[in-house]
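Chain lettering (A, B, C, D, E, F and G) follows the sequence in which the chains are written, and residue indices restart at 1 in each chain.
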């Protein structure tokens, strides 16, 4: 069974998703536990595969028993395995988290929602695990379609946001498809490893350059990098909390993962540096994204919208880090993919809790929340510190590597942008802390409450609280053990430049 | 030898027909009575079907007939006659016939299906002939210098009763150049005709009669039957 | 090696595409899009991709057009561009 | 030099860090809660003291928790410099705890649980800074300290606290992220390590301009040291309750700032490099601006706590002088001033708090004649101010003496003048308070029903004042620790 | 130049269609028009792939009876089937996207009463 | 929601032609091995036949042929057949979707087993595509109006 | 109008880039192009041997690349469920017409 574990990561949630409507016909309330089972199993198999990869190295799995260039294969190297664990874990946490918010936001659509939710997770996992260019497209479309639906059921304005997302997402997918076609016409293969080998001969043709450009453009659209971010803030802001908690951390990060894969596995680094000014472009795009995201996030009054612009900036970190093109920065960028997924998930969890409690997600809705929900806000503080980049949390270390990489690459503006963004994050989050802290401008504080404060506390429901706390713990532990992650996992995927 | 025998047989039959012809009134009355009785029985049956209280026998028969039709269609399509594909075809046809037997035979008088098909096939050449002639007519009409067309809408109530015969009539009318069925509303046909003559042709009701004949609808069709047969035999006799 | 048949279909495809995005009446646009799909599928069939052509004929110019027509009936036919 | 591996430094930090758990657990029973605080503080102090003898004898205690970057981990090292600071902060924590209990109860402050929790976190991070073996660990605890004290500074949650807290955070977080962090990363980039080394880890091979940049970044980044352009958070942070102010200005925050700065200067740059790059000369003159200006600002203040705050700004720069006066006496004087100033200044703050608790007065002009009503407090205040001025029968004398010696040894005579001027200024802004308290009489202010402050707010200042006196007669512990640190740094 | 066009006319044609679709997506204000443009764009990509599969003198990718049992089938005789397979998938993806897009469109019309982008933006505000 | 067509011609012709369309759809589905066609095309044509039924006879009549529940079940089980066949191969100790291993239970050689596997898979695809196409059409067409069978189920 | 010109410009740029890419491609219907040389011949030669199915498209679709097709079916399924999710139970929505 352990040999089959890679495929079970995808197949179990897929089959469970297919049967969710049937379960829903029978008992609506079971759906929640049904998808929880699926995601838990999937996460368990992810961990199994992860451990196996750590012990034995890259795993290849041939679907249908056909050898790679003819059939589709899964290639699970260290990066894949890590991403699988991250994605399945976040999906599981979000699933746990979703219960109450679904019950509140659309109680009569539970079955369909959970089905789409699970399909979304499946799509993400499928993207991560595959070793085939076209298969990636298929799963990209699964996750996109599910994402469109999950976003469209949100609050007022979500429909238009979702429509924009559909249009732009389709353009992105089409660009990717064109890129794959251009590669196919020059190599005749769709398997990533095979393409990587074959590309060596045709590296210098215009077709391959254009193919790379289009794949890059498609991914940039999907990951909402600076000039192409326009679909993102609306979509994630208006989406229901459970959906945004799933999509916002993962969609952009997975696109970033594909970018890493495309650059380092398919097109070798030599191609990137030899032929095109891609790294320069990426670096400056990252720079612009960070600055723009930082500035725009200050201007927001809506918490989720602010988070979206933070994501814009964080994507700038990752892309810029890859654009720096030295091992340290790439290490940082890859680490940041992981960290940012966890952090963003946590932040959107918090946003969902605030929405659940107050009905809105404006910054002002945080008023006095420190008093009302100390545990939630404690988790929030830790996550926020990680976004800011305070040492024991994981956000610090990716930033550390990125800045060091920027110094190595003599990219001082980028380093400055990273610091600038950190400062802006300080401003952003401490603004919220201040609101949540409840400064009383009217009258001097007296001893109005001391021991009776217990009655004021109204924590979020356990299903929402637990994932948030877990995320904050994960943040701290990844921070402390980041060296383990880097030496055991990320070093294996960082190319020798 | 055989020819003479045949002629004799014909002759005798012709005599019978002559007799019948001379005795036509009584015969017709009997025929009408007969048909009306059978028809009332049939109508009851249809009503029952329409009401949903289908008799088991009718259902089985419907399924069987539609299965046969579909299976033949399958064989035509498939062209593979090995066991595996035949089985597939069998299963598929059976499935579809179970699913759609009430669609294919919604308003058809069960039991007359073979005759209907036969008559329908015989109707086609006539229709073709009609189409060709009216084609020429319309072409003449259009090509003549000066506009002689006189478009107008003819409305008439048909004596046909089942939807399938309506459709057959409507399609026949539409197929014939110069006339187009615009709408059917509760047995009233609204037809756009290009010319007075075309409309008159339509109103003469020959086409309607023939279609009624196919689907065994209006009372007089049985008379028409008898007349038909008589005509055939008289032809035969003349030739021999 | 532009075969004349190929070329003719291409012209049709092009005309349909341009018309579909310029016609102001959405219903017409959608129906023209169906025609576009159909010509496209002819083109593919001509190029030997029968399976793709078949699928396009049934999926895109069939179901796709139906869906769009229904959607337009449910919403509005008018458009400003 | 011997090195032993021991988990004690980590445990000390951890226990202090775990204090809040106990405190929150017992939040419904204030007495048990405060007992817990007290116990945690005592245990921590005990642990620190237990390490002191071996360190005093020249052993270093190290402990590596976990590697978090290549060659850099969360690791602890207790050397003489660190233990000095740890001793000061952990002992004063106990005193401050006692004092806060009295203060908070007397004023019936809200959210006391939060207050004590964050207090514990703040002290534990100060200990962490003291024990950190590398720059990253130091940076980490430095940031935790900024964050945990934010809640303390804004404890009142009113408008003033809001703006004070905002300023506090802007300066500290802003400077540490914008300047300190890049400086740390640059150090790591050029040397590949961040471990403190007594000869410094930066070398001449690094381009000169980069050294200058790094020096500037460190100087600006360690905003807690309150050197002149970065000082203005300190007076604004006065909005905090007095125990917090005493914590900020005497024990944790500012001392962490100067401690970190000295650590960086002496153990990252190294005395050789400082001398070679002529950073020492720059530093002493740069810092002496702060010394003089801080004292002058202090003269102007009417608010007692604000005056103390500006005094702190000035005094901190004394300590920083150690990084510029690269001689045994100079460095010893600077280091020992951490302890001396802490005991002196905390006495002053305790007294200010006691006055506030008792009378509600915050301004100096309101204090005329108060010495008659609250003699014990004001006498403690008197001794505290004497210690700050550096008058012989008090501990402050030793640090000033050593610094003065240092200026002579290092032949920076102008700095000696600065030191003396500053001492005069110190006297000028402290003595009038004491004088007025005892001898002046203001008819407009009538202290009705004013008696001595609550006992719990009196004992601590008296105790610290006594310690200050004791330190004059028995300064050996601190002096020797500081001297050994200075010797090891200078390699003599 | 002529040679370029003649040898690659299909690719050029696909680009023209792609740009038409792209134009509709970007410039047209009506959302249905955008969907139409999306459709055209995706179809053009399918055309591109199908063109990849072309092979001179190749026949349909269905084995002739004569080749069924022969061991060495001449691959040059048949078209390249792989792009066709890929495009089946792409077509299905296309119609799936269309379905979701239309669902969103209808909902939007119910909610805001218009399908023009500019009016919609006004009404959302 | 779509009501019964009032045009008798359309209705009748649809009625007569639908069985043949459906049979043709199944033919396309089953003969994907030899001629163009397969699950998708067959499924779409099958779906189209039901859509034709809905358009001509109204949704109420069409519901008798294919109820809401049936659509849900078909779309689920259609894909499930596909994934299930793959999982069956997994159980039979092959890789996922390795139909060759189906020969263990079908008692034919691997190549035939693959052929049969393909057939099974195509059937699943056909069912799913049919059900989903009908479901999308019904959803889009009956949008915003009360469903004819409110009582059957609230959700699906 | 400015927007229109800008987007036209953008589209033209895209077109030029695409055409530049086309310039390097093998000729249309070139039997020696990599796409016809590398993987597809094996499909053509083995399809009957492996799966007893003359239609290569079907074999590749359902067997060699069967996983793609599974994904594709899932796409359709997703679309169906998505429509159900979006269009069900709309009592809460207000309508304008």
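As a working rule, a contact is a pair of C-beta atoms (placed from the backbone, for glycine too) under 8 Å apart; a residue touches a chain by one contact, two chains touch by 3 or more.
Values in this document were obtained by computation on a predicted structure and should not be read as measured data.
**Q** Return the chains shared as contacts by subunit D and subunit E, ordered by label.
**A** A
**Q** What chain groups remain joined by touching if subunit A is not counted?
**A** B, C, E, F, G | D
**Q** Using mean Cα positions as chain centres, tell me which chain lies farthest from subunit C.
**A** D
**Q** Between subunit A and subunit D, what's the gap in Å when you average each chain's C-alpha atoms?
**A** Once rounded, the distance between the two centres reads 43 Å.
**Q** Please report how many Å separate the Cα centroid of subunit B from that of subunit D, as a whole number.
**A** So the centroids are 110 Å from each other.
**Q** Whole-Å distance, subunit B centre to subunit C centre, using C-alpha means?
**A** From the centre of subunit B to the centre of subunit C is 39 Å.
**Q** Any idea how many Å lie between the Cα centroids of subunit A and subunit F?
**A** That gives a centre separation of 36 Å.
**Q** Quick one: which residues in subunit C touch 2 or more of the other chains?
**A** Subunit C, residues with two or more chain partners: 1, 50-51, 55, 59, 63, 67, 71, 74.
**Q** At least two partner chains per residue is the criterion; list those residues in subunit G.
**A** 18, 22-23, 25, 28-29, 35-36, 39-40, 43, 54-55, 57-58, 61, 63, 65-72, 74-84, 86-90, 93, 95
**Q** Would you mind listing the residues of subunit A that make contact with two or more other chains?
**A** 14, 18, 21, 63-64, 108-109, 112, 134, 138, 141, 145, 148-149, 152, 178, 184-185, 190
**Q** Contact residues on subunit G for subunit F in the complex?
**A** 49-55, 57-59, 61-63, 66-67, 69-70, 73-74, 76-77, 79-81, 83-84, 86-90, 93, 95
**Q** Residue numbers of subunit G touching subunit A in their complex, please.
**A** 17-18, 20-26, 33-40, 42-43, 63-68, 70-72, 74-75, 77-79, 81-86, 88-89
**Q** Within the complex, which stretch of subunit D touches subunit A?
**A** Contacts found on subunit D: 28, 30, 66-70, 73-74, 108-112, 136, 139-140, 143-144, 147, 150-151, 154, 156-159, 161-162, 165-166, 169, 173-174, 177-178, 181-182, 185-186, 188-189.
**Q** Under the stated contact criterion, what part of subunit E meets subunit A in this complex?
**A** The touching residues are 18, 22, 25, 31, 34, 38, 41-42, 45, 48-49, 52, 82-83, 86, 89-90, 93, 96-97, 100-101, 103-105, 107-108, 111, 120-121, 124.
**Q** Under the definition above, what is the set of subunit F residues touching subunit G in their complex?
**A** Going through subunit F, the ones touching subunit G are 32-36, 38-39, 75-76, 78-79, 82-83, 86, 96-97, 99, 111-112, 114-115, 117-118, 121-122, 124-125, 128-129, 131-132, 135-136, 139-140, 143-144, 154-156.
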